[in-house]
């Protein structure tokens, strides 16, 4: 084990990061009030990732830490990504062959009821959520 | 040259009070406590298996009602998987052997280690508590909505599995840190015994996968208790999503079960062939690769579940990719014997039996990974036979090899070699007789989890039941002579198998409470027998306990 | 038994060779633990994403019932607590006991604030029948919001996910408060110094992770 | 090897069953050859290199790069080939031809119900025409079930709240087994049915025969097919009590009281099975049968009344 002095982050650096985090929080709350169409989600997520990165790299000191800890953290994120993306392979493409249907029976019933009552069905009741 | 060390105290003798055992922080004693606990779990699960097999000797009711049968196979699986096979090798042999093999005084976090043990016991008791409140039904897979619609026993089982998950996580975490930070001077990654590599790979899976079964069990609990509507289709939830959650853990869990077996077999093959393990680097790194790839294939349990064809195709393709490193490993183990010096002691017999049974498990796995064939074979006895060939023929047979291999080090006593060989034969024969007929009846269409069945399948079921008796006899024989060895076994030498790993060359038998009298300094790889020729020149047991500075 | 290290500090456990090894091991163990925490939450994120892609309109509408300003306030409270924890470690490294204790107490108070705000958010929903699970039955009118109009298919899923996610997160905050109480007591006893502050460091890491989880929960549940 | 249809796989009775089997046998024989090679090498090495001298320490073997590459490349090519083959068959197995004959299948604990396009409903037996693609649209009213016909090599889980489907084209007439293969509770293993494959003409005449209105007793006899997993009519006690000769008698209940078995009691027991449970039996009868029409229930009552 090579002996290295532990890194000490200066109060100034910590304060700057804290300021940045508060700024980003205010930004994300304000931009969420605007209607940016399909940009709302990516923007909010980008800001969240930026905030989380600041916390991990500076507050948690990963920047100065043993590399193996970065690898561990990275692997954790990688497998979260695997979990999400491989599940989406199913849920986004459910019913791509004839062995099962895309929508549920409940949704179909709701839609039929909506049609029969001849009122415009709330958009939320559409059974088919094609990706 | 070993006599000067024999008079020292060892970890068993230095304090014999009950309290010193229950509160011990010594990884070796914790390993022994796990050994006792998982053996009890194995016994309970095994008795249930025998009962299930007897019930299936004839169609219709033989010895129990349909409800009793359904609970018996559910409990058999829950006990065998969560309380026996997942902790078996990592927690028993990993605990006992890992710090010794890497030349450490203990694991990195001894208190956490003891806590893991008690968390395991607590979880197992909670799961068993289900028996007191009601039926435990639905199979170990807990598929919704059946699991949320039947009995309250499921609440206890999910809680128990949740709690035992913590034990598994903490053990894995402990081992990863130990392997990274506690290796003896000179013990580089390239010199590590392959058992360490495999336990390390297992630990990665334990840490990354187990939290997901935690959240899955929690959500299942809430689904049953509050009806949150995530998994229950009557409330708009999706049962297939539950299967994704469940298999995200439970497929990697298969690698928690099999990777440690790879490690044991590698060690046994090297030691009993007195030969460098063929393709050492490949065997080592492929364990880690398999650990990671194991996370990408869970959907092959769901080819007929109604998941999208897109995901079935992706999962099927990756399933093959994981088959290849596994296959190459088998070839490596076989070729380790090539031009070696093979000694057929009891532990080696298990390693050789493993190559046979695990290969069948592997090849049938390839068959199940083929999309079109799996549609026919899914949820039949073919699958039952396949996973028993992997878990029992893979893990348990290897674990028995490991148990016999390390038994002298753990207890200081030799078991009866002749009985050992007979028992190994019984286990091997009984195992194949139990499970091979299941492949055939499965392919013929016999579905799994069937209490009653069509008369045309009875012949296979009979063979299988007879096999289970032979297997049971073999296992009880092992239990018998191992216990007998504690009483009247021959005193074990320092290194009865002629191994080169540190637990044999640098410790007394049984080991000192602090493992090593002096920190070992490692100068060669775990299987570099050709660099240690002088140690074997006398033909006597080799040990470097006292003269640690020369090597 | 020869011990090569003549100076053996009180905090060094016998099976470690040096303080440095012990510190590294503890920290690595902590990072591994954090990864298990991330994967524990990942299940909830998967559930959220799956149901959101299936029913985006329901999720957008249901989110209207959450108050982004209270959520935002709580975000800033948690960020501040992360800041004070980082300051605490800084003071520990500088052997400044007073600075350490003050910042640990501040962190505890921020955590408490977070839970108090959460309490008001929860009770405001419970009053109108917004519960997780079978009891979900939004009704009544407050601040011009007619809760009954939120009783639409799959709103139950949104609120179940909301309550389970924030509930598990809140539980972690509670555990964090316990940890900080313990660490503060040890700090008051003067157990920490620039030579040994591993528990402070590790509790800090845990707390930052709780903060990070919230950084994601906040926009996902309240904003988008 | 003998007749493969007898030993490993059941006889192939649908158009793609032969393709599935070809793939099965390819993997089977390739695996067998490789397995024999591994076991053969293992046994040979075991005895050829047996330790004779306790002091012998063999030298490490120089590893051949070409051989190692071959171990990796050859299996990779093989499995990719098998994957593509399996994928191809899988796609066809899961894509029903648009002109298929439609049958609606409903699974419930623990019986199958088959409804044909002409409005005919059968239980425990599904009749299909030979040489014509048949598409089953399946749903479940309670838990997961799985529809499996080994002879046709088809299987599909039925997920509640979704329509699942399988299709097949039978190649020969005959009677074949249908299983439920997803665990669904106490009588999971009794959730069986048969598929009877008949010629086009026989099918047409069978359908028209079935379409006529039946007297209540015969209707009840037909409906009762879905009850036989648990109730016998010859006095045998299964999961539930035998139902012959009980009409007009006093039935002891699990709460100690007793009740007269009349039309009302039978009707109530079908609609709300957990309320009055016969002594010595578990309250496990599913409530799924309450969806029956009054006419169907009248039929069942008439049938049970007629049992001696």
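First chain written, first letter: the chains are A, B, C and D, and each begins at residue 1.
Following the convention adopted for this analysis, contacts are C-beta pairs under 8 Å (C-beta built on N, C-alpha and C of every residue); 3 or more make two chains touch, one makes a residue touch a chain.
Treat the numbers as computed from the prediction; the structure is a model and nothing was measured.
Chemist: For the pairs A-D and A-B, output the one whose chains share more C-beta pairs in contact.
Modeler: A-B
Chemist: With chain centres taken as the means of their Cα atoms, state the distance from chain A to chain D in Å.
Modeler: So the centroids are 41 Å from each other.
Chemist: Please work out the Cα centroid separation of chain C and chain D, and write it as a whole number of Å.
Modeler: Roughly 49 Å separates the two chain centres.
Chemist: Go ahead and note the Å separation of the Cα centroids belonging to chain A and chain B.
Modeler: Between these chains, centre-to-centre, one finds 36 Å.
Chemist: Just the number, please: Cα centre separation of chain A and chain C in whole Å.
Modeler: 17
Chemist: Going through chain D residue by residue, note those that touch at least 2 other chains and give them in order.
Modeler: 91, 94, 156, 159, 161-162, 164
Chemist: Mark out which residues of chain B touch at least two other chains, giving numbers and ranges.
Modeler: Each of 180-181, 208, 212, 233, 236, 238, 240-241, 244, 306, 309 in chain B touches at least two other chains.
Chemist: Would you please write down the residue numbers of chain C that are in contact with two or more other chains?
Modeler: In chain C, residues 17, 21, 24, 28, 32, 35, 38-39, 42-43, 46, 50, 153-154 touch at least two other chains, as defined above.
Chemist: Could you list each pair of chains that touch one another?
Modeler: Result for touching pairs of chains: A-B, A-C, A-D, B-C, B-D.
Chemist: Quick check on the complex: what are the chain C residues that touch chain A?
Modeler: 17-18, 20-21, 24, 27-28, 31-32, 34-35, 38-39, 42-43, 45-46, 49-50, 53-58, 61, 68-69, 72, 75-76, 79-80, 82-83, 85-87, 90, 93-94, 152-154, 204-205, 208-209, 211-212, 215-216, 218-220, 222-224
Chemist: Would you tell me which residues of chain D are touching chain B in their complex?
Modeler: Spelled out, the residues of chain D in touch with chain B are 7-10, 16, 19-20, 23-24, 27-28, 31, 34-35, 38-39, 41-42, 45-46, 49-51, 53-61, 63, 68, 71-72, 75-76, 79-80, 82-83, 85-87, 89-91, 93-94, 142-144, 146, 148, 150-151, 153-157, 159-162, 164, 177, 179-190, 239, 282, 284.
Chemist: Please name which positions on chain B make contact with chain D in the complex.
Modeler: Those residues of chain B that touch chain D are 66-67, 70, 137-139, 143, 145-146, 149-150, 233-234, 236, 239-240, 273-276, 278-279, 282, 304-306, 309, 312-313, 316-317, 320, 323-324, 327-328, 330-331, 334-335, 337-344, 352, 355-356, 359-360, 363-364, 366-367, 370-373, 375-376, 378-380, 440, 443-445, 447-454, 529-530, 532-533, 536-539.
Chemist: Across the complex, what residues on chain B touch chain A?
Modeler: Answer in residue numbers: 180-181, 204, 208, 212, 233, 236, 238, 240-241, 244, 248, 295-296, 298-299, 302, 306-311, 314-315.
Chemist: Show me the residue ranges of chain C that touch chain B in the complex, using the header's touch definition.
Modeler: Where chain C meets chain B, its residues are 1-2, 13-17, 21, 24-26, 28-29, 32-33, 35-44, 46-47, 50-51, 132-135, 153-154, 156-157, 160-161, 164, 168.
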